[in-house]
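In what follows, subunit A forms one complex with subunit B and a second complex with subunit C.
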Partner chain A sequence: MNRRDLISGRHLGWALAGAMLAMGVGGLPAMAQDKPLVIARNMDINSLDPHRGFCDTCQIYFSAAYDTLIGLGPDNKTLTPKVATSWTVNENQTVFTFKLDPKAKFSDGTAIEAKDVKWSFERLKNLKGSPAFLMDDVASVEAPDAQTVVVKMASPNSEFLGMIAAPYMGVINSKVATAAGAVAGPDAATADKSEAWFLANSAGSGPYTLAGYRADDELRVKRNGAYWRTAPAISEVVIKQTKDAVAQAQMLQSGAADIAMQVDGETAKTIKGGNVVVSTIPSYNYVYIALSPGAKSNTVKLTPEVREAIAAALDYKGLIDFTVGDAGRPQPSPIPNGFPGSDNLPEPKQDLAKAKQLLAKAGLEKGFEIDARFPNMNVYGVDLSQMMQKVQQDLAKVNIKAKLQPLTFTVWREAVSGDGVPLTAVFYAPDYYGSAQYVQYFAMMQGSPWAKRAGAANAPDIINPREADLLKQALAAPADQQNKLYRDLALEMIKDKIIIPIVSPDMIMAHSKAIKGVRYSACCNLPLDEIARN
Partner chain B sequence: MPLLLLGIVTIAFALSNLTKGDPLISIIGERQMDNPEIVAAAKARWGLDRPLPERYLRYVGNLIQGDMGISLRTKQPVARDLMDRLPATLELVIAAMVVGVGGGILLGVVAARYRNRAADHGARFVALLGSSLPVFWSGLLLLFVFSVVLGWLPGPGRLDARLTPPPGVTGFYTVDALLAGDFTTFRLALTHLILPACVLGWAVMGIISRLVRSSMLDVLAQDYILAARAKGASGPRVLVNHALRNAMIPTLTIIGFSFAYLITGAVLTETIFSWPGIGSYTVDAARSLDYPAIMGVTIVGGSAFLLTNLVTDLAYALVDPRVKLG
Partner chain C sequence: MKALALLRRLGLPMIIGGFIVLFWIVVALTIDLWSPYDPFSIVGRRLRPPSDVHWLGTDGLGRDVLVRTLYGVRHSLPIALVVVLVSSLGGAMLGAIAGYLGGKTDSVIMRLVDITLSFPAILLAMAVTAALGPGLGNAAVAMVVVSWPVYARLMRAQVLTMREREHVEAAVAAGAGRVRVLTRHILPLCWSPVLVNATMDLGQIVLLAASLSFIGLGALPPTPEWGQMIAEGAVNFYQWWVALGPGLAILSVVLGFNFLGDGLRDLLDPRSAQ
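Our next item is the complex of A and B:
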């Protein structure tokens, strides 16, 4: 081909088309039977050190690479043995004794001993990383012999066993990690230099080990050859960074991925059938709006009547339909559906007459303006901006004018914990199976995050003393009494009308028909070791 | 150039640190922001408890020694993050420039040569589509058609996720695969490059073709073109040697700017095609207020613009003998 031909473009066009076809039609080489499992997911990893990382993808990776003492069964309620074969709790829920499985070993073949558990728990506490709150109540960790661990609490905590199942409580090989610069002592927050090492290595006893990580690209784990329990069926798993839900779905449809984890309801409808299975699973996540009576920019006092009027003005069914269609459920209280205390709670309903009556009683029949700032993001398939537009429409029916202002997440966070935001919207997902975390976060107790954000300093009457008392009782109660106590707490939090849950979006899990064992776990998100090829 | 870079560093440092929001969220997560002990430990660890002037002086001091700091988000040295991502972006941008510049010049020449005829209208329509269609739409559409429906080309990513990338020498998967003698990986890396390069290149193609067409029309009306034709030069010779070469001067400026712009501006294409490059890194850094990463990207982006300007100036002399470098 000479230069003149190039100018004409004719040959160039044919050459390009030919090259495209020649390269594309050939397709991929034949894959081995045990080909890597690919998960398309928008990764949110902030560390691969189990004592620093805190994110949804972290839950998947940590539970794959670091076994915990106790696991959470497929019913998301039952605690199952893992590194610990048995455990006992004293009567007032302050001393927890674990017996370790003598067969348990790390991926380098060395036995897991009580000293590793003690070292791991102490590092988690002293490192002061994101999941350190799990150790807040722990007074001491003792290792009286190689197979026994005794954890003593500063105050009763009946949920500690549930916390132990959280992937952040995974046991680390103390010898290997120490050699890499990890420190567990009281100076860990400043002396530990191992975070970079954890980005390239793992030191656990889980079914998988870290094979490679490239931030914003992929996380690769391979089967732990020395795994001491039933080895996982899939030899290698790749979590591929795929931000866009449509791109995730396209990867699944084209066979480039086996699982698409964050497909929204609308996209899911377009990929049903063929070789794809779309499962809609009730989740423990929810989206809520929150009121702050103590926020500086309030134009009127958000009294209990006004807050109740706002809650009554909302069209909950319409909001669910508008945000997630049929892929979501009502969420009565800040304790998520399925957690202790969530049974038979009254479902929220719109009652415009009641809302108007309450506003009239508060002298606000002509309505008022309310400043509504919220993070501009799409979470669990819910677009917060769209949801707040519907909230704005609902409130307008009782003459409340919501001034919507979407913000970036970091700016929103600064606003909500600074001068406060009268009306906001955000989301929550559990860190472990247990209702206390919700009470500690959402209840109107002195010092709780949402009591601060609701402006308890400026509006002390929002504090509900009964909630602190009920929580204390629940944390010290035996298992058979906890459900009732948490239900009472849920009713109190509904009455507060500070946190008004809107929708619990279903988790949409789309995967290839060629695989099985895909399920959602309350502690660990997606247990990789349960997945197999058909 | 060093002074210009220092100016860029200073302005970027001031802007990113004075922006509203708290970068600690990306380090410890939103829920722990209410835990004063965890917040204090994180601030001390990342030096965020120091006064701004001290942080600036420390940053510049480290930068002089080649240390761009540690990313608050990825927890890796920013220089390493950039070195990991820059080859991905450069590979994409170079391929996009080949598509965009090659296609743009071709369309521009054809449009000028056949002014107001069907070829001109067709070329202008293709160019218009390229500059008007949003990348997120054309990207998803092309992915759907060529990957999902026809299955001719692979989906997002630089390589099939089930494959291990070639041993890193240059960071360009196509080049590294060739260096390793792995032609299967080379073929796959190349096929993964086609769709994002076409999407990105199409946008550039629109701008370049319109500019080439306009310049060519000016040049084709000049007396020396008439003289060349009168001397018996063939049509293509007149078009390429006499007209196109002279019409390339303004186009070179745009090509230079397009290249520098695409290095940091390929955000949407990188997002749609899950391309782990600088563009998506920039957006994530900005979203999480990852100051060290924002600074790193700004310095690399600023340097790219300065360097491209220099190369463009040098290229003028090559294309136009009247331009003398002094």
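Our next item is the complex of A and C:
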């Protein structure tokens, strides 16, 4: 070996040592963050268009790909600036003015302007998709200059700022979407041809962009290279379709997934090994059964007495025990525990004598048959099929024979929106912190999604005019009076007995110890941009 | 001595198969008389492991798994019998007509057989049930749709061989009509393979019915049907006993019918046994 060889060997050694040091300091973590984050989840996606999609998985995706004007803080109550740096509201809460961040830009690098916000809000309203109820009170959206958006309401709306944080209110790049066939005008419901485009592309300003979607397989997002706020730590996130809780837990334990989102209490107990963190958090999500007096397949008229009898026949404590054990709480009204108006509501109780008495009054002491179709899913740790079997047993005690039929989610959705389903079971997660969403979605007001599903067209007597009136008052009321008005609304919805909440399950979030920043958000389910590898 | 000779002639597989099938038939007919629990009632805490009170534990709703498993035979056996009866009679009849008449009738029936057989049985059964709607009745219709072609092929092959036999030619020469020749001189000699296949198929139909129920297309909850019960066991994966009972029941029934079918074949066709 000559001197030249020795020198080059020494240099090589130093170079190797340097490279290893560099990797140790910055390289390895960087490589770790480049590894895709895998979330095992049973996806319920119905569309990837923010103005059409309406589902729990949609909340995760839309909040990752489409920034909203305002965000919801980690306390699930505080509003935080996002695309809008500041906002003002007039005294009677009818005019909302937002100042946009001049730095805000879409994933293609173009600046977010007020016209994009106007276009997005108008499309949400005119497309008349499931989340369009968020725009019910909006009379006009104006863009006086590139950085200012003025939203005028038809009537006062104290919750509109909260609604702005809902993932469906994300700002879309109007130029890109229009080129793809999206329409925001009054004819959007029929003229818009962009739904397929949104399944393969995103056009937002969020921390991630859509990298690919295969139904019943995976949803993949990658870091938005042009993100204008703090870039997310993880470069790619994959939501992997994993139907049941056991498979999700196994994927987590084997290292094939980093997060298992829908693990139930029983399965969580079986998760072993020091590399997994299982946390149980009270959630605002809930599972409910719903009655449709206007459904075509009803064998008897579901009058208020019959509905009350059905509600009184249910063993709520037993149902909670059978579905989630001790990892859940009863919920009296469609407004979830912890939201305005949910304080001190009467807890639902089983009263078989009352149920029988009510049925006898309705001339149905011998009982009747009711068609019960529901999605065959496990949501928030609740197996709906198991829950409905318990409901069937409870109803049998008052001679009501429920004919159970589990369906795939898509078939169920068509059935419930078509001829209606007399008795069904579903689930709901909030879109923002505020109670008006529950009233708008569940109350028996003309045009509300559940008034339609309950068959208001065939059974107009289910409409409760007091609810529309109370909602109007609640939205116009000062903050100190809102609680009482929403409580009155909750009592009215309890009286309707169309929506009968069964359980508010705790959220069990199981994830690998190698990641941090996993939290439950009331608007967005799981904020992906806050997650990082340790 | 005669009994021993008969047993020897029947063979061990047929005896075992016969006992298993007999056991399930007796259970199906008498369970109401001696079952300690109702299969739909909650009789204990949910998801309890096997104990001296509940030998196979309790399921997700606290129902006795053993009782539900035993009641399950009341759904599986009748459905298998009906499906096999309808598909074997229907298929065999079509096969006989095709084989005996030949020509265009044969071509039409056999192309129909080919088309049906070109689909995997489970997929076709799923598609038919999905189109008709979930439920054991519709699942039975779907299973008939997928099962008849085998019998048609089997019977056609038999009829093709038989119709060339001298006794058939003699009957034709004596002036016997087509129907008489087919029903009196050909069919009585063609039933053995159909019978063997039908016996074997009983187990397969039980399995197919359970598969359809497992994926939510067969029995609807809370029916104590084996496939439906295994699906419930999949939800409570770590409570192994929930799926154990129905799993063992399916295993035993399929094994029982297969043994019985094997034995029958040996009995009816000694050449194949050799």
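A few comments on the model shown:
Throughout what follows, the second predicted complex is superposed on the first by the 326 of 534 C-alpha atoms of A that agree within 3 Å, B and C clash if a C-alpha of one lies under 4 Å from a C-alpha of the other, contacts with A are read in each partner's own complex, and residues count from 1 in each chain.
Keep in mind that, in the parts below, a residue touches a chain if its C-beta (ideal position, glycine included) is under 8 Å from a C-beta of that chain, and two chains touch if they have at least 3 such contacts.
The shown structure was predicted, so the numbers you read here are calculated from the model rather than taken from an experiment.
By the touch criterion defined above, A:Asn376 lies against subunit C but remains apart from subunit B after alignment on the C-alpha atoms of chain A. Applying the stated contact rule after C-alpha superposition, one finds that A:Val246 touches each of subunit B and subunit C.
By the touch criterion defined above, A:Glu266 reaches subunit C but does not reach subunit B. Legend: residue contacts after superposition of the two complexes on their common chain; A:Ala146 is shown touching neither subunit B nor subunit C. Number of subunit A residues touched is higher for B, counting subunit B against subunit C. When the two structures are aligned on the shared chain, A:Ala132 is found in touch with subunit B, with no touch to subunit C.
By the document's definition of touching, of the two partners only subunit C reaches A:Gln393; subunit B does not. In the overlay built on the shared chain, the residue A:Ala154 is in contact with neither subunit B nor subunit C.
Applying the stated contact rule after C-alpha superposition, one finds that A:Ala457 touches neither subunit B nor subunit C.
According to the touch criterion, the shared surface of subunit A, contacted by subunit B in one complex and subunit C in the other, consists of residues 244, 246, 408. The part of subunit C that touches subunit A in the complex is made up of residues 40, 42, 46-47, 60-62, 134, 216, 220-222, 232, 234-239. Those residues of subunit A that touch subunit C in the shared complex are 244-246, 266-267, 270, 321-322, 376, 378, 383, 385-386, 388-390, 392-393, 403-408. Put simply, subunit B touches subunit A in their complex at residues 20-23, 25-35, 37-38, 41-42, 44-45, 73-76, 81, 84-85, 102, 106, 109-110, 140, 143-144, 146-148, 151-157, 160-162, 184, 187-188, 190-191, 194, 236, 239-240, 271-274, 276, 280-281, 284, 287-289.
Touching subunit B in their complex are the following residues of subunit A: 3-4, 7, 9, 12, 20-21, 23-29, 31, 35-36, 38, 46-47, 54-55, 128-130, 132-133, 189-190, 195-196, 199, 214-218, 238, 240-244, 246-247, 250-251, 253-254, 256-257, 408-411, 413-414, 417, 441, 449, 452.
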